[in-house]
Every structure is written in C-alpha cells, then in structure tokens.
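Some structures are shown below for you to check.
Each of the next two complexes has chain A plus one other chain: chain B in the first, chain C in the second.
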Partner chain A sequence: MISVRDLSVRFGETTVLHSVSFDVAKGESFALLGESGSGKSTILKALSGQVTDWTGALQIADTVLRPGHRARLARTVQMVFQDPFGSLHPRRTLDDTLSEPLAIHGQPDRDKRVLAMLDAVGLPRRFRFRLPHQLSGGQRQRVAIARALMLDPPVLLLDEPTSALDVSVQAEILNLLKSLQEEKGLTFLLVTHDLPVVSFMCDRLAILRAGRIEEMADVAALRAARLESDYGQELIRRSQHG
Partner chain B sequence: MTRFFESDIFYAFRSSPVAIVSAIVTALLVLSAVLAPLIAPTNPFDPASLNLMNGFTPPMEPNAFTGDSFFLGTDDQGRDVFSTILYGLRISLFVGFAAVLFAMILGILLGLLSGYVGGWTETIIMRAADVQLTFPSILVAMLIFGIAKGITPVEYRDQMAIWVLILAIGLSDWVQFARVVRGATLVEKSKDYVAAARLIGRSPLTIMIRHILPNVLSPVLVIATISLALAIIAEATLSFLGVGAPPTQPSLGTLIRIGQGFLFSGEWWILFFPACTLLALALAVNLLGDWLRDALNPRLR
Partner chain C sequence: MTLLSVENLRVTFPSDHGPVEVVRGLSFTLGRERLGIVGESGSGKSMTGRAVMGLVAPPGRVTADRLEFEGRDLRSLPEREFRALRGPRMSMVLQDPRYSLNPVIRIGAQIEEALAVHGNLTAKDRRTRMLDALNAVRIDDPERVARLYPHEVSGGMGQRVMIAMMVVLEPALMIADEPTSALDVSVRGQVLDILDDLVKRRGMGLMLISHDLNMVARWCDRILVMYRGEVVEELGAGALHQAQHPYTRGLIASLPRLDETRDRLPVLDRSLL
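This part shows the complex of A and B:
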C-alpha cells in the first residue's frame, strides 16, 4: 500500500533522511519510532506532499509521487496531526470542517455523511454546530480523525495522534483508531516516540535515528523486549524506567 | 447578538469609562455628520441661501445689520459656522473611512500574499513597504495629489479632489496593514489546520482567504481604528495646506485654513469651532483605538 524506496530529504545543507526504505502492506499498521529530530515526521510530510524536495521513489496505493510535484492525494491519503488545538480552524463549526472535504471534491449526501461520521468517531450529533474551542482535546482529536476519514482514504498518516492528550483520553483515541481500522480496512503509518502505543496499535515498526533506519522488527519482538539493535534496546530500557 | 453582549469585549467596554465616553463622542459626531442635511440650519453649499450682510456675525449674537442670530457665528461670506462644521465633518469622515478601507484592503491583500507565498513575491512587496516607510506619509500623499492634479482636466479637479485625497492617504497608509497581516499569516500558515486544508485539496487562494484571513483579522481591526484617526488628521493637514478638499466642498481642514486668515483680526470663532470638532473627533477615535488594542490583547488583561 505504501512503498518507500531510498527516500532522502535535505533541508538546505542538512540531510534529514538518508535513503530510507520500507513497505507497508494493505490493512497493516506500521510504526516509525524515534526521538525528535530523527526524521520520522519528515517521512510523513514527504508522503503527504507537504515536502516536495526529496529523492528516491514513493508510492501510495496506485499513486506514484514525483519529487517537486504536488500529487492529487486527497482521496488516497489523509493525516491526523499531533496537536488537536492547532489542527482545527478555530472559527469554523464541526459541520463546516467535516463537510469541507466533501464540498471540494463535489461529493453528494453531505448532510447524511457528516452525521454518519460523527457517529463513527463517537461524537454526539448535537456537537455538529459547535466550535472547536467548545470541545475537549480528545473530542477535537475525534473531529480531526473524522475530517481525515471524510473522503474515505485507504491510508491514514498519524503524526503522534495521542501525545498531546491525557493518558485516559489517549486510550480512548487509540481504541477508536483501532476499531476504525478494522471496520474500514485502513492502512496506518504511525509516527511516535511512545513504545506502549506501538505495541498496542501496530504490527511492525521501524526505528529511526538521525535520519537512518536502525532496525525493522515485528511488534512481537518489541513486546518481548527482544529488539536486535543496541539503540532499540536502549529505547526499551528508557521506556521501562521512564 | 446575545453572544456579543456576553462577550469579553463587551464586558471590557462596559468597565472602561474612557471607552464609553469616546464611543459616545464618536457616535454623536458620526451621527451628526450623516444627518447633516437634517440638522444643519442652512446649507452652506447653496450660494443662494447666503446673505453677505451676515458676514462675521459672532456666536450667539444678533447681526448688527440683519438681526439674524447664529449658534456658532458666521464666516466672512455669511455662512453659518455650525452648518459648515456639520458638512465639513461629513467630508472629513467620508475621506477618513474610505482611505482606511482602501489602505486596509490593499494592505491585507499584499500582506496575505507575501506571507503565504513567500520567496520573491514577499521580497518585492516588503521592500516596497520599506521604501514607502522612509517617506513621511504626508509627502507621499502630496506627491500623489500633485500627480493626480497634473493629469486631471481643470474642470474636473474639484470633483476629483476628494477621490484623489482618498487614494493619496490610502496609498501612504497600507504598509502597516501589510506588515501586521504578513506577520500573522506567517504564524497561521505553520499551524496544522492549514496543512490539513492543503491535504484535503484546498487551493492556495481559498486557503488564504477562507482559512488564514479570518484568523488574522483582529489585529487589523485595531490598526484600522487607529489609522482612522490618523487618516482624518492627514486629510485635515492636506486640506490645511491647500492641497486637499476644495473650498467649494470644505472639510474640517479646509475650514481651519479659512478661519486661520481671520484669527488675528478678532474673528476667532471661524477657526476655533472647526478646530475643536477636529480635536474631539481625532481624540475620541484614537482613544477608542487604544482601548480596543488593549481589550484584544490577552497579555494586558
């Protein structure tokens, strides 16, 4: 579903990614694990067309991305951002936010689909005409997930979707994402530095460090604390003590 | 509407006497300017209604020849000063509002464009703004006024004067709007909701207008209010210098210029009352702008 081959990204003089390669199968959850600055978010930006200055080969579903071009990806891939306070237009109601993607792509039944999506992400229908500042962080993140799913994309990029939320709310959002994935057969590419999130959500993971993939592993290896690389072991140790 | 009365802004307004007084003064002046034809005892633009014998009547005293009495006296041509002030206020306010509106639209468009697009577009627009800032705005206005006067035929000059004034003041005032909007745009552009809008396939133009613009408007509102006071003063200055509103359509500045000629011969009221009106207007609008800036600034609460 997602294929990344020799992806390198430079910002001016600095190389943030050094020929990174991995594949994600349809319906799979793949985690990119690493500290801040390791380049994990840059991979998402390249895949979603927010960064166009890269070399290598990228493909999502049937769409081949080319460097320097903004591909029409809206119906193939959508993204959920880290901070639900910054990812919603502060002066628009949920209804505006959710029906906007449908309006742009000329899709019918907006009314029905907005209501159905509110149900799907577990928001009461009466929230439909509220503004973002009237919602809690977890509710906003549900709205952000709903917006990402409005166009029924097969692939969802998740950029630390729970790290800005309270622990109890984190679990709710993760459960929601997991059940949506099963229901709709979505493919997830999840960026995080949180090991428990990976072992709960994902099938496979790649550990990134300073723009290189240090190790790729099944989540079973993570759960059993049997990662092969020294850096992977260090992450496990830190997560257990931290 | 109830949302407005329950808002923080309205609460801040209610608890600030300065804001209330300046709002009342501004409202009164704007209202009397709008209703000038109904309030004014005479129409100072209608030469047929004027009696030269009424010239130089002091305020509240009957004229020695005709016995007519005028609230604020008359000028050299027997025009009622109170009426000329009302009509002058109309022109001053119209020019002020229109100039700020023009500056605001121009500044917002250029600021949004340079902030969102960046690169060469930004460089060119912001350098132009820098160059503009090195000239005093009154010089820019006089330059534009001079050029416009040169290219309009003589018979249209008086009609054109008002529009040229608006253009001149507007063009010398757009820079601060552009700078503030550019700064705010740079902040908003990096937020995730803009990235999300791009991902769902919004075009850059729509993102600028529907996503970024509504979120950069509150500083613009403050600048617009303060600019309004400055624009009114700029108009008065230009008219006082004789390059603004023509004597056939006198603004407050023109009235002050006319009155200035009689100051030392004892007819003080011809200068004094228009000057007081200008002072009250500029002060009230300025205080209102200052208050609005503080009220919208969360750090000062």
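This part shows the complex of A and C:
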C-alpha cells in the first residue's frame, strides 16, 4: 500500500534522510520510531506531498509520487496531527470542517455522511454545530480523525496522535483508531517515540536515527524487548527506566 | 524537617455558574525530599504549584487553613516580601524552555540577571556563579553556552539552562511543573538526574508535577494522585502497583505496556468515580 524506496531528503546543505526504504502492506500498521530530528516527520511530509524536493521512489496505493510535483492525494492519504488544538480551524464548526472536503470533491449526501462520521468516531450528533474550543482535547482529536476519514482514504498518516492527550483519553483514541482500522481496512503509518503505543497499535516498526533506518522489526520482538540494534535496546531501556 | 506545610488549600475561580473550585481542600507537607503530584489535565496539579508560589492571578482566589514555607505564613505575606522569596528561596521550572527563556538575551546574561536582582555581587562574582550553575547542570562548555541565544540550543539543553537559572540562587524549594514533557525520552533521564542530584547534594525540597504516572512513580519518594482538585491517594516510592483507589487503578490499566497483548485498552469509567 505504501512503498518507499531510497528516499533521501535534503534541506539546503543538510541531508535529513539518507536513502530510507520500507514497505507497508494493505491493512497493516507500521510505526516509525525515533527522537526529534531523526527524520520521522519528514518521511510523512514527503508521503503527504508537503515536501516535494526529494529523491528516490514513493508510491501510495496506485499513486506514484514524483519529486517537485504535488500529486492529487487527498482521496488517497490523509494525516492526523499531534496537537488537536492547532489542527482545527478555531472559527469553523465541526459541520464546516467535516463537510468541506466533500464539497471540494463534489461528493453527494454531505448531510448524511457528516452524521455517519460523527457516529463512527463516537461523537454525539448534537456536537455537529459546535466550535473546536467547546470540545475537550480528546473530542478534538476525534474530530481530526473524522476529518481525515471524510474522503475514505485507504491510508492514514498519524503524527504522534496521542502524545498531547491524557493517558485515559489516549486509551480511548487508540481504541478508536484500532476499531476504525478493522472496520475500514485502513493502512496506518504511525510516527511516535512511545514504545508501548507501538506495542499496542502496530504490526511492524522501523527505528530511525539521524535520518537512517537503524533497524526494522516485528512488533513481537519489541514486546519481548528483543530488538537487535544497540540503539533499539537503548530505547527499550529508557522506556522502562526513564 | 518540614519545608512547606499546606492544610486545606483551596483555589477558586469565578464563572458564569458561580465560583468553581479547582483545588479542593488539599493538605500535604514537604521536607527535603522529592514529592510527586500526578493527575490529568484539569486535576488542579499545576494550580497547586502556582498557589504555593503565590502566582494565582485574580480573579482566582487562594485560601488555606495553613500555608507555611520555612516557618513563614504565605497567606498574609505582602507581595513585596513574596517577591523577595521567589527566586532565592523557592522557584519554579516550567514545561517548555522555548517559551520560558527570553529569546533576545544571551543565556549567560539571563542567568546573571537573576543574581543581579536578588543580591549584591560584583559582576565578576556573578559571572563565576553563572558558570558554576551551568556546570552543575552538566553543560560541558559553559563559557560557550553562556554566549548563545536560547534558539541556538536544543530543548534538553534549554531545560538545563532553565534549571541552572533556578539553582544559581540556591533555593530551598523547587517546583517543577512538567519539566520533562516537552523533551525527548533520551534527555528526560538527564534532566531528572540533575534534579535528583540537587535534592541530594543541596538538600533541596522538590515538588514534581506531572501527568506521567510511571515516571513519577519511579523517581519520587512520595506521590500524591490528584483528581478533580482533590488528593485521591497517597503512595510511597515504587508502590504504584499497590494503588487502591479506582481512579489510580483505572489510569494504570489504561496505559499501554511494552509487552502489550490486550486487543482493547480499558477506558476509565468516570461515572463510577
């Protein structure tokens, strides 16, 4: 579903990604783990067309991306961001936010689909005409997920979707993402630095360090704390002992 | 020795529906130890820290039966004297160094400013103290870092600079409000080590406010768990698994684990609390 081959990205003199390659199968959850500056968000930006100056080969579903071109990706891939406070328009109601993608893409039954999506992400229908500031952080993240799913894209890019949330709310959002994935057969590419979240959500993972993939592993190896690279072991140690 | 004693602390804010109590009758004492305060957003944990520092701005109101720091009653302390206390005797480290450091003043000058306001050292002595403080937070090349602006250092280094700015005055009480949440996992350990070192070597009292249950549990001598402005449970070091209160137990259960095998995470049922 997602294919990344020898992806390199440079910002001026600095190379932030050094020929990164990985594949994500349909319906799979793949995690990119790494610290700030390791390049994990840059991979998402390249895949979503926000960074167009790269070399290598990228493909999502049937769309082959070309460097320097902004592909029409809205119906193929959507992104959920870390901060639900920053990612929703503060002066637009949920109804505006959710129906806009449908309007742009000329899709019918907007009314029905907005209501169905509110149900799907577990928001009460009476929230439909509320503004973002009237919602809690967890509810806002539900709106962000709903917005991302309005055009039924097969792929979701999740950039630290729960790290700004309280732990009890994190559990709700992770459960929701898992249910939606099972219902709709979605493919997830999740960026995080939280190892336990990967254990819960993902099937496979890649560990990034300074723009290179240090290790790729099955989630079973992570659960058993048996990552092969030294850096992977170090991450496990830190995650367990602070 | 008791550094800080708090009895029946209440913080109230007015609202359209009458006054809202965000801290409801909190009592605790703090010695030269590491006290952790954990809770979720809106539990009142940050307001507790601010109330102790005298930083709850009107229209917020702070009341308490007792609010004593080093034997002085903070409730009736005039603002002028409170200001002399903040910095030299008690200080606060905030979450994000990007917002709490002045972006247009060099790091060294910012730290020296604290000394200039609260003392009468010569410029030369201030500089020595400033470099010592940077050294104490394990910055290897203090001379160079002192010349940098905040945007030229990483988040972890910025947070260490913040701590240096606090320790340069050698306060007796430090309130750290989410000191590591904006940092990468790899530098969190360092920042906590530095705080730990300060508690042990300088006999400082530390209030660590955080939402990270596991981190606080591993690291503090005592933990207060707050929910809706009240302490629901007090736990000793490493006794997190003995938690009794349904809220604490619910929080622990809802955290994913490294060896996770559950298909769904249990969600806190707030109607039962």
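Note that the second predicted complex is superposed on the first by the 242 of 242 C-alpha atoms of A that agree within 3 Å, B and C clash if a C-alpha of one lies under 4 Å from a C-alpha of the other, contacts with A are read in each partner's own complex, and residues count from 1 in each chain.
Criterion: contacts are C-beta pairs under 8 Å (C-beta built on N, C-alpha and C of every residue); 3 or more make two chains touch, one makes a residue touch a chain.
Because the structure is a prediction, the values reported are computed rather than measured.
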item: Clash or fit (per the criteria above) of chain B with chain C on chain A; value: fit
item: Partner chain(s) touched by A:His193 [first = chain B, second = chain C, both, neither]; value: second
item: Touching partner for A:Gly137 - first (chain B), second (chain C), both, neither; value: second
item: Contacts of A:Lys178 with chain B and chain C, given as first, second, both or neither; value: second
item: First, second, both or neither for A:Leu222, with chain B first and chain C second; value: second
item: Contacts of A:Val167 with chain B and chain C, given as first, second, both or neither; value: second
item: First, second, both or neither for A:Ser29, with chain B first and chain C second; value: neither
item: Partner chain(s) touched by A:Ile104 [first = chain B, second = chain C, both, neither]; value: first
item: First (chain B), second (chain C), both or neither touched by A:Leu235; value: second
item: Per-pair minimum CA distance [chain C against chain B, superposed on A] in Å; value: 10
item: Partner chain B, residues of chain A touching it in the complex; value: 48-50, 72-74, 77-79, 81-83, 86-91, 100-101, 104-105, 144, 147-148, 150-151
item: Of all residues in chain A, those that touch chain C in their complex; value: 35-36, 137, 166-172, 174-175, 178, 193-197, 199-200, 222-225, 235-236, 238-242
item: Of all residues in chain B, those that touch chain A in their complex; value: 191-193, 195-202, 211, 214-215
item: Residues of chain C touching chain A in the complex; value: 40-41, 155, 184-186, 188-189, 192, 211, 213-215, 218-219, 250-251, 254-268
